[in-house]
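A, B, C and D label the chains in the order they appear, each numbered from 1.
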């Protein structure tokens, strides 16, 4: 089973060299190199990403430093110029020149700011592919996703004669924090897509199970908020200060008091608050790291709007300046029923799959693949987000997270069968 | 001692017919009538009050209703036209035509919204001069002040040949809530005054004691604040509401959190908060009754400024409208040392007085006579605020408050001696 | 159509004499009198209500006063002793002595504290059955419910030979504010019931439509909260006070900030806040009128628990005492599917009904009939809550609320057909 | 002027090797060595410090590490065992064996956590005695104080025959943050003292000026507060969390809203707040660094008590645990008038002094020497806190802070003259 070995090998390599969002330069350069060698037409970096729609991008300095790291750790030099500013998206296209629909698959590539476990029970440790970038870790399975994407690319390239229409493979940066998809969707990369499939591994779905449509994603906005006031000695002239810490405390309390919405679930969290520079100093600076969520984009927009009003109001109360930066965002989306059912049938026929669930509403997390789903559906296409169950050594985002690699090849094969079937659809069925 | 009987009689009459701030129509008409008969030149109502500097005036409707009450209860009809819109101030002038300084005295006339005790131990009850206006009561001694003012007017009129210069008697409305003095001071009634004496009875100073200069008054601002939002059903569409109750709660908390000021004592109090119109309705209205104070006007201005910022900020947080009305205000003031010492010496010589204190810093209350002090001093004159000690049956603003009437005549006599002495001062001493 | 005239006549009579929760003495005495005359066995007042489970009962004084009003306005004197303490529930039983299930129907009888419109467009005004009790109004249709209950009682009594088993008619007080049902459910009045049907008129369902099962009710708790602190002069010794207003403001803000629950929708509202007794007094008393809601009882219990912690915490912050009184409560409940489908079929066959909806999730309001549903289902029975659509002149709880009386007879007939069919069910089908 | 060179040399040495509170091991060992060589009896470390009254002590680990640093940077090895646990206080006694009072002087030795300026304009940089311990700096002049103490010790030792009674020199650790004095005062080191003089350099007093009694110190308490809650995913199960960040925000707001006190000035500051561990995690930990102050110890105690109630209340609101640690504390104190006047006279006679101010109320800072003043006065002695004016290159606690070394010798000489004069007092004058 040569392909399986290849996929596992890729996955372990990516796992050893994890790269966080908008820094996937080594990963993207290797992916691009392989896709090019398989004959795909490539569009890279800013060609497929709307620059000002990237959210929560690392600083230029951090980005520059990471280019060096990538170079030293096996990046394919030839492709680095496309990615070195941190625009690390790839769209690979195979045009069969035969009539037929455009079918797209999305995978994500980024890692998390987590220090990977170094205990012997942790398989990546014992099998020697633990992260070499201390403090970064593929703790959500995007290493597996990238490898599945390359495996799918390989199978499709070897079976081009069985396909019609156009195949698009989308490798997205910065899914963590819901930061990267919007820039690609707004660049129009799926505007011409008839069928779109995003996929994830794990998420609590058991090994040998398959979910054809995950509908539970909440719309979300990630907000970085600062208050800047004026320092003063808290004993001798406190009234001279402009208390940024108090502004932040008041904003926090009132943000959590935002009224519930009858249109569906909402969430608000000020996850971090850091303020002040000394016990006896009126705090002149405060930083808040927050997020809103909503069962629908409308509910999330309502939450975000309230946050803005509250932050502005708190600043006015205490005479401080403030900034609100959108550091990530995702809309809500519903999968296309027909497409989900077709995927379900294809998956049922694979020997690895024991149980298929057409739709799930389970998650209360968020995913920015929803931007792609939204765009595809707005342009008349069908889109779904499916999940390949797998055994997890520990939950997502845990330092001991690990998957069962047995899932990788079946995932590739099901997506391949999906491509075959969808490419033979009559486009008019869709639009 | 015919004058003493007259003073007591006046006092009991005013006590029976108490009138709250800007409604002293009966009182003022009687005062004006007496002063006119004594030969004083009178300026009345809007002649001596700047209309738009009146604070916390009752509604036109309430004012109209009170005219009727005054008419039915012994007001001097001839003077009512001057006072019927609620501008109830009086300035009575006696010009000796002889060179000499202008000496002014201020008394206040208004009552409080208190239901007077009807127990037999309460002297006004047993002696049958309890308030006939249920819910209004002279519980601070302004009935005594008005009578002292008339007694002083009487003595001065009978001794005009002993006086030089000009005498001014100022009868002020609405001292309670510090609402009336500013309108008279801003109308310029003391701009030409060389010596100014305001006085109060009681305030914890014992019978037979005299304080020549009370310096402890805090500057203050009385604020009526409203938030107007939008009602909505709290179960079915809460997000449609604009929560005025939450805006008020947040404003309240942040107002009390206003930073201390190194320039001196400050105070803040939201004394009342009323909001909402039903358990299951997002509250669309909230009313707050608040006050700030400061050891100096600067500190009080700082407090007031913060309140404004906070109220505006809270409204922005919750998307409500808001109003802030100044319902009363007083500045801080320091008595003129020289004048205080002269008063002290005069008082010492009166047989009724056993102990004289030149200055006291005791009170943490407020008084709007400070506007007169400030104006006089700004124009180069001297001013003081003195206190005639008296036995109190209960504290000021208590339903059983009562004074010892023995204090009335000595108070008149000391003020009279003061007028005599000051009227013979060389004006250049002052300015 | 003699019965229809009778039902309308009853409804207009009840409309003219509206009685609020736990004060339905006139209504209940008339209902009891009619039911008795129809041959039902009656259990009244405390026989069918657990005294200490009544929530938000009016004071003894107010209750006594209302007895007089009821007596003067047509109450049936003979029954007043059962109701005069405000326990105004009735359970009327007809035992056919034939084997068969126990089938129960619930109607509610109370009015709202609303001043009814007196415009000529308002039908109760023009047809002369507007409320004679100013400030009370049947603005939710419970007058219609009571009449429907009496109409049903009449039809059942006239057709006893067509019935098996036992029929129970439950007339509940104080549904408004979800205060009365719990006391009857806890008294066990539905513990032996196999089929239970509660019904409502209107609620946005159009005329000629029928909803067999309304599942959208939120669990709710109505809370009256007080803080008692200590008054002090805000200028001279503020630190002596214990600020109940601040405790309430802080509690309010933190209550609204209670964390969302992943188990379903939640609601929180402090609908009213009244605190303080003067601008310059540290407030020593505050009253809050609040409610929580939850998509499930678990979620509502979570909200209630947080409120308790927050109120206790706020009291600790400010050194005040506090009380929390449960002034109303309702659980969540889901209707029994089988029963709903049977009701749907029966309704479909009635000529008045044009459209049947088996289940609706629409409402975000609350209803304490859920206590009956819960008890019946816990004892193995089936229960549902159905809605008879009707034209509304204005929304529920509006001063111009009015129904289309054409709906009344069909509602009686559908419930009658339901009783007939259910009474012939095999009890084993249920349990 | 050999002594002056010595004092300056000491001062520059201490400046080069600054040690923060409870870590003054090198400093104390050098001081002890010199004092021993001068013939003083020494009591060291825990002999003169009550262990459990030390506040805000560094961790054992940090203390251990600093021992090594001290050893490597010139500490006198022989004395390190007394100080190595961080109890770095010294009391040096000279008993003349002649009758007479006990006269004590206090100096402090600790540095601040400030990175010293490295610009050439900064004299310690250009003259090569800038701090070698990066991040620690003598930015308040305690290096000068220690040198003055050693200079005074030297002069006294050389003039023992001119003295009567007993001389005590107290070298105190950790004055910054008001952490060290209480432990020495509670150990009783000044219980037998008849005259006590603490001194400071600078503080805004001009060069050649002398303040004999500084009375403006506010009582203060430094509080470290933590809330420990429970983390949870903010999207999928937020209700499982216990939100420590919200508890801290609510505590902060309510702490700043603590009611003003009529007994005098108060202060409250939450200077730093750090909470949370990720945007999408309910924060399970929060740390607050706060302080209260009061014009009197009573006012400060009131503030501290309110803080405790508020923190406990906030924890109850959010179901978190909490801790409150006292990290520093100082009482208020008034200098003894008689002693101040004597000091004033002595200073006047020194040629360096151009202006003497007997008492100043200026500062709104705090000082824990007040514990010594309080103890001495409670035992019947007299105590004062004097200030030697000096030119400052920048304000205290500024990275460019520097003094004018010309002030050092006059300060020593004035304190020496004070010792001479006081030692000849009749003890009965005092007690």
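One rule holds in what follows: a residue touches a chain if its C-beta (ideal position, glycine included) is under 8 Å from a C-beta of that chain, and two chains touch if they have at least 3 such contacts.
Keep in mind that this is a model prediction, so the values were computed, not measured.
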- Message: As a test of understanding: of all chains, whose mean C-alpha position lies farthest from that of chain B?
- Response: A
- Note on the structure: Larger contact count among A-C and A-D belongs to A-D
- Message: Need the CA-centroid distance for the pair chain C / chain D, whole Å please.
- Response: 68
- Computed distance of Cα centres, chain C from chain A, in Å: 49
- Note on the structure: Whole-Å distance, C-alpha centre of chain A to that of chain D, is 54
- Specify, in ascending order, the residues of chain A that touch 2 or more different other chains. 236-238, 243, 246, 250, 253-254, 256-257, 259-260, 262, 267, 282, 364
- Note on the structure: Within their complex, chain A touches chain D through residues 177, 218, 220, 222, 233-238, 243, 245-246, 248-250, 252-253, 256, 267, 269-283, 286, 289-291, 293, 363-366
- Considering the complex alone, what residue numbers of chain A touch chain C? 253-254, 256-257, 259-260, 262, 265-268, 364
- Item | chain B - residues contacting chain A, complex | 236-239, 241, 243, 246, 250, 253-254, 257, 259-263, 282, 302, 309-310, 312-319
